[in-house]
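Working notes for the structure below.
Labels for the chains are A, B, C, D, E and F, by order of writing; each one numbers its residues from 1.
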Amino acid sequence: MGTDLTIGKLAVLLVVSTPEEEQQLLQVAGRAGYRIYQGRAGSMDPQKIFAAVETAAKRRGLIGEQYREEHALYHSILDAFHGVCRGEVALGSILRSAGLIFAIVRGPRMGGDYSDGEWLAVALYGTIGAPIKGYEHEVMGLGINHI
Amino acid sequence: MGTDLTIGKLAVLLVVSTPEEEQQLLQVAGRAGYRIYQGRAGSMDPQKIFAAVETAAKRRGLIGEQYREEHALYHSILDAFHGVCRGEVALGSILRSAGLIFAIVRGPRMGGDYSDGEWLAVALYGTIGAPIKGYEHEVMGLGINHI
Amino acid sequence: MGTDLTIGKLAVLLVVSTPEEEQQLLQVAGRAGYRIYQGRAGSMDPQKIFAAVETAAKRRGLIGEQYREEHALYHSILDAFHGVCRGEVALGSILRSAGLIFAIVRGPRMGGDYSDGEWLAVALYGTIGAPIKGYEHEVMGLGINHI
Amino acid sequence: MGTDLTIGKLAVLLVVSTPEEEQQLLQVAGRAGYRIYQGRAGSMDPQKIFAAVETAAKRRGLIGEQYREEHALYHSILDAFHGVCRGEVALGSILRSAGLIFAIVRGPRMGGDYSDGEWLAVALYGTIGAPIKGYEHEVMGLGINHI
Amino acid sequence: MGTDLTIGKLAVLLVVSTPEEEQQLLQVAGRAGYRIYQGRAGSMDPQKIFAAVETAAKRRGLIGEQYREEHALYHSILDAFHGVCRGEVALGSILRSAGLIFAIVRGPRMGGDYSDGEWLAVALYGTIGAPIKGYEHEVMGLGINHI
Amino acid sequence: MGTDLTIGKLAVLLVVSTPEEEQQLLQVAGRAGYRIYQGRAGSMDPQKIFAAVETAAKRRGLIGEQYREEHALYHSILDAFHGVCRGEVALGSILRSAGLIFAIVRGPRMGGDYSDGEWLAVALYGTIGAPIKGYEHEVMGLGINHI
């Protein structure tokens, strides 16, 4: 996978990989210039999902103090959240809940190619459904922005 | 990956895997009760992307003759396309183009569990951007529906 | 139905009634102060549906020459069209087609009550689906605006 | 109306008919293979409207225990709700409230034709407006899905 | 600016002008037949922004008692709010907040031209951003409706 | 206006100012570190509006050769276009046309404050309406992005 590693594919693979695959990915990704964080967020309230990703990115140093970096991250999350919601950017207000794994990746658009500066990718993968156990199906979203 | 194979993860992995990984996936997926097709579609016209996925699904027998199956597929494509477009279901009309790999998967929501009937997943992965070579970033969408 | 006749219900009934029911409706509606037109419009191009309703309204004198009346009508059509499209205001661009009956109704919000001036209702009813005969299901939309 | 009875028209007629017309409809519909429920839901919170329709459908046996049936119902409600909201899937958050009659219909797409399996229609009809008595106009939505 | 004064430009200028420019605008606008109000509204809850504009319009007599006037105002606010939100009609639910100046203008579409009746313009200008001081950028919206 | 000059206000003022006001703005803006271009674009085809702004930005050197700069501009245009369209990102397809003045501004978020790097603002102002002369009202949009 090494040579054609890209920021989006890396984010996607991280949220669908097993723990062993993840360890392998982290090594390959580090060599290609990427910084990464992976976490979990689930809620009927979109705000909590946004906050979980933003907090993780700040704590792990994936974004800096300037507003422009927070702005880049926010729109990556929002773009990924569109993929999760598929038309209506809403969860509990329309009686549905999401349980998600998220990945944040910072680095070049294409592995090893620094000519277009740094980019940020946010991938969200998990389930959406009624607030009843098992009444849910998978969802996926990916947001990418320049930083 | 065998035991926790799910229809959505399978569709996602198919569109981001290398040819070798794909062969392995196809074997595992077949044993878990999934039927699969993977293809490519790129255009400034969303209609052509919808048509490419629909035509492939019909030719490969992933959907049958009844309208209800075409209806299930259509909404899976539309849901996945929301992930690609992230807010405005449009390509060329707002001066952007997409080049996508698609996967269609038919089978149980969770590998080997036939208690909730058959489902259909469509994954779209590729790039979106200006109609200028290299002016593009990655996108991803996933749509899942009961069939 | 006489006493609780309202502009929206009247528009809805017109697009789903049989020719005999329609004749009866037209008489009741006329006595309650409503002016009405009913027609058909089908296309993969939303523009043609908008144009068919606008042209009918002008020719039948349901709207006058001032822009404010055209503006009221336009937003009634657009609101009704949202009901037809349910999330993506698009037809052919996402590979679907609509065949619709439309009704335009001008008069009081509630039958016989002129205290809140004139209003305009547009109802759209018909089918949406793939451009394949019979691959379609019903849709309905209603738009109401002050005029 | 007997021969051209369709699932969507039936749902629409149910929400705009008088109690006498409704009794007649129920008889005709039963003979054509339809199961029906009609109720009321009003709120500034979309979640309560979704919950009212879902609860009614489950209690009256219009959907079964499998998630796929709940999924079909959910998207019928969401589609109908788009007709009510016409662009922004929101009520109280943008200072408006809806008072609705809903109908749920399960059966063939076209009366007596079982060749394309069972479908589900949800119709919503009522008023939307400011949270001030009488400051409201009519709205209508229809959602149809295979089940 | 006198001769080409229009309702929308006037609303836009009011929300971006200094207090001195504003006084001058108010005089010119009054002579051209416009009634005006300017205020402030900031919240993570869109409802409060809608309520602030509606309350101001009623208290200052910019709209009358009929529902049709409230309806015209509501849609002007909603249209302007689209410009503020740019795709997702939501604030706090997706972890963002807005601090806005609003202007309401009632009068002819074009200064001094009463041939097309009265219109209503709502302009919103201010900042949107994370709920952290300084993490915000400017936004602008304009909604115009016949009244 | 000097001390509280901001990138968005500057873009807004440019599209609504008279030629004399514009000359004055250009001088003040230049001293505060802004680069500016103003042009016109009108069409029933959104693509042409996007292309007009992109072409102008490239020719005038407001964006450089890297994709990240084109990406920043594209989303500024799209955000501003949301303000113009107010819900449906479409023109001719729903039978309407727009005639717009656009301004592109590059520089600090707040005049003279370079601590948060460079930002890009796109303002669009003009009219939207039926493809009939005079059947139109004003619209305004503003999009801001880090670059």
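The rule we apply is simple: a residue touches a chain if its C-beta (ideal position, glycine included) is under 8 Å from a C-beta of that chain, and two chains touch if they have at least 3 such contacts.
Just so you know, these numbers come straight off a predicted model, no measurement behind them.
Engineer: Spell out the chains that contact subunit C while also contacting subunit F.
Structural biologist: Both subunit C and subunit F are touched by A, B, D, E, going by the contact rule given at the top.
Engineer: Matching residue numbers in more than half of the contact pairs is the bar here; say which of B-C, A-F or E-F clears it relative to C-F.
Structural biologist: Among B-C, A-F or E-F, the interface that shares over half of its contact pairs with C-F is B-C.
Engineer: Mind checking subunit E against subunit F and telling me if their interface is mostly the same residue numbers on each side, over half, or mostly different?
Structural biologist: On the two sides of the subunit F and subunit E interface, the residue numbers are mostly the same, over half being shared.
Engineer: If every chain is reduced to the average of its C-alpha atoms, which one ends up farthest from subunit B?
Structural biologist: Result for the farthest chain: E.
Engineer: Using CA atom averages as chain centres, what separation in Å is found between subunit B and subunit F?
Structural biologist: 36
Engineer: How many angstrom between the C-alpha centroids of subunit D and subunit C?
Structural biologist: Measuring from centre to centre gives 20 Å for this pair.
Engineer: Provide the C-alpha centroid distance between subunit D and subunit F, rounded to the nearest whole angstrom.
Structural biologist: That pair's centroid distance is 44 Å.
Engineer: In subunit C, what residues contact two or more other chains?
Structural biologist: Those would be 67, 71, 78, 87-88, 90, 93, 109, 119, 137.
Engineer: Quick one: in the complex, what on subunit D touches subunit B?
Structural biologist: Answer in residue numbers: 66-68, 71-72, 75, 109, 115-117, 119, 145-146.
Engineer: Help me check something: in the complex, which residues belonging to subunit E touch subunit F?
Structural biologist: Where subunit E meets subunit F, its residues are 1, 6-9, 12-13, 16, 18, 78-79, 82-83, 85-87, 109, 119, 121, 123, 125, 137-144.
Engineer: Which positions of subunit E touch subunit D when the two form their complex?
Structural biologist: Against subunit D, subunit E makes touches at 45-47, 50-51, 54, 67, 70-71, 74, 78, 81, 89-90, 93.
Engineer: Show me the residue ranges of subunit C that touch subunit A in the complex, using the header's touch definition.
Structural biologist: Touching subunit A: residues 87-88 of subunit C.
Engineer: Would you mind writing out the residues of subunit C in touch with subunit B in their complex?
Structural biologist: So the residues of subunit C in touch with subunit B come to 88, 90, 92-96, 129-130, 132, 134-137.
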